[in-house]
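Before anything else, here is the set of structures, which you'll find just below.
The two complexes that follow have chain A in common; it is paired with chain B in the first and with chain C in the second.
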Partner chain A sequence: MSKNKSHKTTALKNKRLGYILLIPASVLIALVSLYPLINGIILGFQDYNLLRPKKRAFAGLDNFIEILTKDSEFYSTLAFSFIYTIFVVIVAYILGLCFAMLLNRDIKGRGIFRMLILIPWVIPSVVATTNWLWLLNDQLGFVNRTLQNLHIIKEPILFLADADLAKITVIFTGAWKSFPFMMIVLLAGLQGISADLYESASIDGAGFFKKFWYITLPSLKSVSMISTILMFLWTFNNFENIYLLTRGGPMNFTYTLPILSYYTAFIRSNIGYASAIATIMLVVLLVVAMLYMKVLSNRDKYE
Partner chain B sequence: MKKILAGSLTAVLLVGLLAGCGKTDNETSGNANTGDAGKATTITHWEMVNGPADTYEAAAKKIVENFNSSNDQNITVELQMTPWDNFYQTFLTAITSGAAPDTSTGASTQPLQYALMGEILDLQPIVDQWNEEGNDIVNQFPEGSLDMLTYDGELTGLPWALDPRGLTYRTDYFEQAGITELPTTWEEFLDVCKKLKEWNPDIVPFVFGGADQMSTQTMMMFLMQNGTGFTNENVEADFTSKNVTEALEFLHELASNGYISEGTASYKSADAEKMYCSGTAAIWFNGMPTATIDYEDVAANSSVLPAMAGPSGGDARYYTWINSIMAYTQSDAPDACRAFIKYWIENELTLFTEGGCSQLPARADLQTDKFFSDTWYTKEFSEKVVPVAVPQSWPAPALFPAFSQIEGEDYPGKALQAVITGDTDYEKIQKETNDLIATAIEDYGADYDEE
Partner chain C sequence: MSKKFRQKVNKKKVTLDVLTYAALIIIVFLVNLPFISMLGTAFKGKSEALSSTALFPSELKFDSFIRVLTKTSFPVNILNSAIVSVTVTVCCIALAVCAGYAISRFRGTVFNLYGIFVLLLQMFPAMLMLIPLFVIFNSLHLVDTIYSVMIAYTAINLPFSIWMTKGFFDTIPFDIEEAAMMDGCNQFTAFLRVVLPISMPGISTVGIFTFINAWGEYTLASIFLRTDGVQTMTIGLQKFVMQFTSDWPALMAASSVATVPTLIFLLIAQKYLIKGMAAGAVKG
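Here is the complex of A and B:
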């Protein structure tokens, strides 16, 4: 009886210690994450322009109603945000999978290749984007010059000046920056697939594509779901790739929601409206995050 | 024992925290007015990086140190260099969060914006003091610049530098292309571009940054040369006039004839600079071409074109930004701020001569310094651009609240992008742009009229 009581007291003490140890981290998270988040949401319900802070007032749902019912710029931007995000994720996934499968093979210098492929992911966005700007310039850029010298093209390709090409270019550079993450995650997934499965399939006469379709892809299902959802969240939220390349141009054709929100806040100085846009973004991302949580819980169940 | 240890540690931490928050008895940070004999006042000055990092900071520091050692009011200025990248949000965030500096330099639109927010300190006492001292400085500022900086009867800033915009060109290319007469009209400019293109098809006759704010600034130059701006003199949106149509048609003609490259709408100012400095372009629209310092051949063969006039423009024009130094109402040491700004304006020459500031002094008497005639571009910009330069808000008599939004969002620049990428529906482009400008002006106008 007394032994039992002592166990309970120790457990209670441990529990209390656990909570106490959690306090610093919780306070820090509340300060740097929770406070800005809640403050941002509150701002979305206010008429607040930075240039006239004294006229700050509660606006109820006005900002949201205006965005959702009158703001055509918001809808065109939302549409491109989805197009941009979906294509970046698809291209990054395909590239990541291809490289992961290549690097999963027992080849010489595999470590060096893995390191080299990680470069786009580890170099700072500003450096990467500046390089892309130089590479893709129509007059001095390496890409156009090389293609012209090889007589593949006669006129330079307007990667960032033509509206349609600019959309494709920002998707490409976004995918280029993101695919190494996909590769790492998928490579880890590939290494978890038992070699016995492939061996049995080979004995049964399955070729590369059948093995890929019936073994590799199903085995990567849960890791693929998680990585693509995470990538979706990051890409939808991404600001610097497009801003540094095109600033949303030419003629606003590559505007995404983070850029629209930024311009609304810091150029139009309309913090309330910008926060409402950001809150709508948050809702979109929450839906995706919930999907992510569900996938995670399903995976845990299967495992 | 544990309790004693915990208590001691807590006490040490608390003491440390309190010590970190505290100040010495005889020192305040922007919390005291000057004039309290013996009481030290510290103010913070944010200086924009207006020149090469290695020389400009040293020159700014020198002025600050000289002020610190020479003022008899026990004022200490702490200098903080601030990059131009994202300056807009840097300042806005600092001001709205109550962390504004005491004084700063900055873009020409800043004083008015912050004055509207009630955050700008009136600098009229400095002007009054100069007048009392019989100092002629006030008469050396560009004409109308103090009026431009006056809002609601208060002087929101003092002009310290001019950042003119002009067309720099390659003299050797012009010579080789057989161009003997420099263009003074748009028609002649097209002829010059044609000759350059015929002489060497690999050279881009004219380059400018079409993807960033230089797109709006390029549009502004051509509008002003054609006798208009994006607003009229009554600060009403004025983008649907015949003058604007002519400017857009001219820009389209430049693009359709290949006188500007097809990719111009994607060029940032740095791309245009690179094209000019690498010899790929013959004429470059920008501020003073300080980058040519690193390219001796280019510098030796560069000059500035005279201002041009459009078909409906009348006078030939360039334009200039007038940059100011300002102080903030958040400072608790307004007199110290004014004392420092007064000193800064009186002693700013070394920022240019030693600091390599990429602008020109706003004071006309300083522009005559030998330094400015020794450097080719400062000499030429002083002689060819400044005398015919109108302020950035022209034809509006002063800056207006919506200016920075219109410029920041590149509304005129997007009209330029549209025509140089092949859109010739001028009426639609002009109407859409005009609506955006009108909405911005209306939004701000309505709000401030109410206050």
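Here is the complex of A and C:
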């Protein structure tokens, strides 16, 4: 009884400690993340250009109306943003799942393979894109020269200068950079599946594809949902992969929303308009984030 | 009969193992092709790099590295990146550990909502934050100082770090603190002296994530750091790409130097890194 009581009093004191411990992180988040975020949404409703800062004024919905009704560049960018994100996630998922299944086999030295496959994910984007620029260079690049030496192609392939090829190339390098994450997460999921399930399926005469379809895929359902949604959010927000490879070019064929708002803010100096574009991005991301939270809470209920 | 059957199964397993190894070796080679060609080119002489298509150099030459490290401002960039990344990692861990402990151990609306808020914060478009932050830092005269990126990186990495440290503290039973408290600690000293030391693996994982992120960050640095003296490695490397595309070996040597810290971390801490990655999505 007395033990119980003392426990309760420490618990009360505890809460104060809890609030105190939250303060330092909260102050920084409030000043450097939250305040700018709110500010960014407000800027979206302003006419604010750094080139004529004195003309800054409230503009109501003007920016949004202009983006949604007059700006054809916005729509082509929005379309490619979705295409880019969806294809990167799909390719990364398929590669991640295949490699995770290979690594899930009980073989010696798989730790080393796993580490070597992680390299694309850990090296800085700037290094990764520079390496790709060198590999895919039309005059001196390894890929073009090797293909030419093998007489598979006559003219060098313009991976980044041709509009359609540039789109495929940035999707490919985006997936290349992010598939190791998928692989690790799916591998963790695969290792959670009981071997008994496969064994009894084998006894029942199920082959590889049947086991894959009826055991592996259903068991990975929640892990797959969460990791694809997370990767969707990251890829949709990603700026560096495309910007460092093509700068959004040729012309504006590989513009995504982050690139469009970056150029609008820091090259065209149109802070208000750029913030409005970013606010529209926020709406898209919030919808996806809600989905993520829903999947998380559903899974918690299920477990 | 059963012996025959077992032999057959064994034979099948061996063939499958061989196929797995073959597939893995090909995959590792293809996946790391950019990386292999980077190292190969960096160690080639300038003329060999431009004439031969071989991935590996015929003899090891270090003049590209010497050129990059003595004749350019790249060492300054590397030094700046090191200062920024270490500072950000230390600050981020200090803040994340406190907040993570709070939302792991205390119950109540504030703590629950804080956890959700932190999770949501990671999903906001970076650009929405970046544009106003530029305006704010500009008026505070922080643009073009190293402090701008230090502050911004710490704040950006905090939500994920808090969420991860919370996950690690969740795995440590409360009994441990209770025992320490019976021995005369209060909860804060129990947290410092008992919980923190046993969660070192988890905390180092968070540190590695933060370091890798800060080391490789480009977008914010490109906006905030304008002059040579304060620019970080990522900006230095990008300037090379714009200026020296004729000197690919030097560019690849610089890239190799820039990769070293991340690779060291991968080697030391891959086990924790993998745990952390999986925990992010599997445990939520």
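Basically, the second predicted complex is superposed on the first by the 292 of 303 C-alpha atoms of A that agree within 3 Å, B and C clash if a C-alpha of one lies under 4 Å from a C-alpha of the other, contacts with A are read in each partner's own complex, and residues count from 1 in each chain.
In this section, a contact is a pair of C-beta atoms (placed from the backbone, for glycine too) under 8 Å apart; a residue touches a chain by one contact, two chains touch by 3 or more.
This one's a predicted model, so the numbers in the text were calculated from it and none came from an experiment.
Following the overlay on chain A, a clash is recorded for the pair chain B and chain C.
Of the two partner chains placed by superposition, only chain B is touched by A:Ala163; chain C is not. Of the two partners, chain B and chain C, it is C that touches more residues of chain A. Judged by the touch definition given at the top, the superposed model places A:Ser33 against chain C, while chain B stays out of reach. By the document's definition of touching, neither partner reaches A:Lys210: not chain B, not chain C.
Of the two partner chains, chain B and chain C are each touched by A:Leu133. Of the two partner chains, chain B is the only one that A:Asn49 touches; chain C does not reach it. After overlaying the two complexes on the shared chain, residue contacts for A:Phe113 are found with chain C alone; chain B is out of touch.
In the superposition on chain A, A:Lys294 makes contact with neither chain B nor chain C.
Within the superposed three-chain model, A:Phe266 lies in touch with chain B and with chain C [touch as defined at top]. When the two complexes are superposed via chain A, 223-231 is the only one of 25-33, 187-195 or 223-231 in chain C with C-alpha atoms clashing against chain B. On chain A, the patch touched by chain B and the patch touched by chain C overlap at residues 133, 137, 140, 265-266. Of all residues in chain C, only 16-17, 20-21, 23-24, 27-28, 31-35, 37-38, 41, 50, 53, 55, 94-96, 98-99, 101-103, 105-106, 108, 110-111, 114, 116, 118-136, 151-152, 154-156, 158-159, 162, 181, 186-188, 212, 215-216, 218-219, 223, 233-234, 237-238, 241, 248, 251-252, 255, 258-259, 262-263, 265-267, 270, 273-274, 277-278, 280-282, 284 touch chain A in the complex they form. Against chain A, the residues of chain B that register as touching in their complex are 88-89, 92, 96, 113, 116-118, 204, 210-212, 261-268, 271, 274-275, 278, 280, 401, 404-405, 408-410, 414, 417-418, 421, 440, 444, 447-448, 451. Chain A meets chain C in the complex at residues 10, 13-15, 17-19, 21-22, 24-26, 28-29, 31-37, 39-41, 43, 99, 102-103, 105, 107, 110-111, 113-120, 122-128, 130-135, 137, 140, 142, 145-146, 149, 176, 181, 184-185, 187-189, 192, 223, 226-227, 230, 233, 237, 239-240, 243-244, 257-258, 261-262, 265-266, 271, 274-275, 277-279, 281-282, 285-286, 288-289, 292-293, 296, 299-300.
Those residues of chain A that touch chain B in the shared complex are 49-55, 133, 137-140, 155-156, 158-163, 166, 246-247, 249-252, 263, 265-269.
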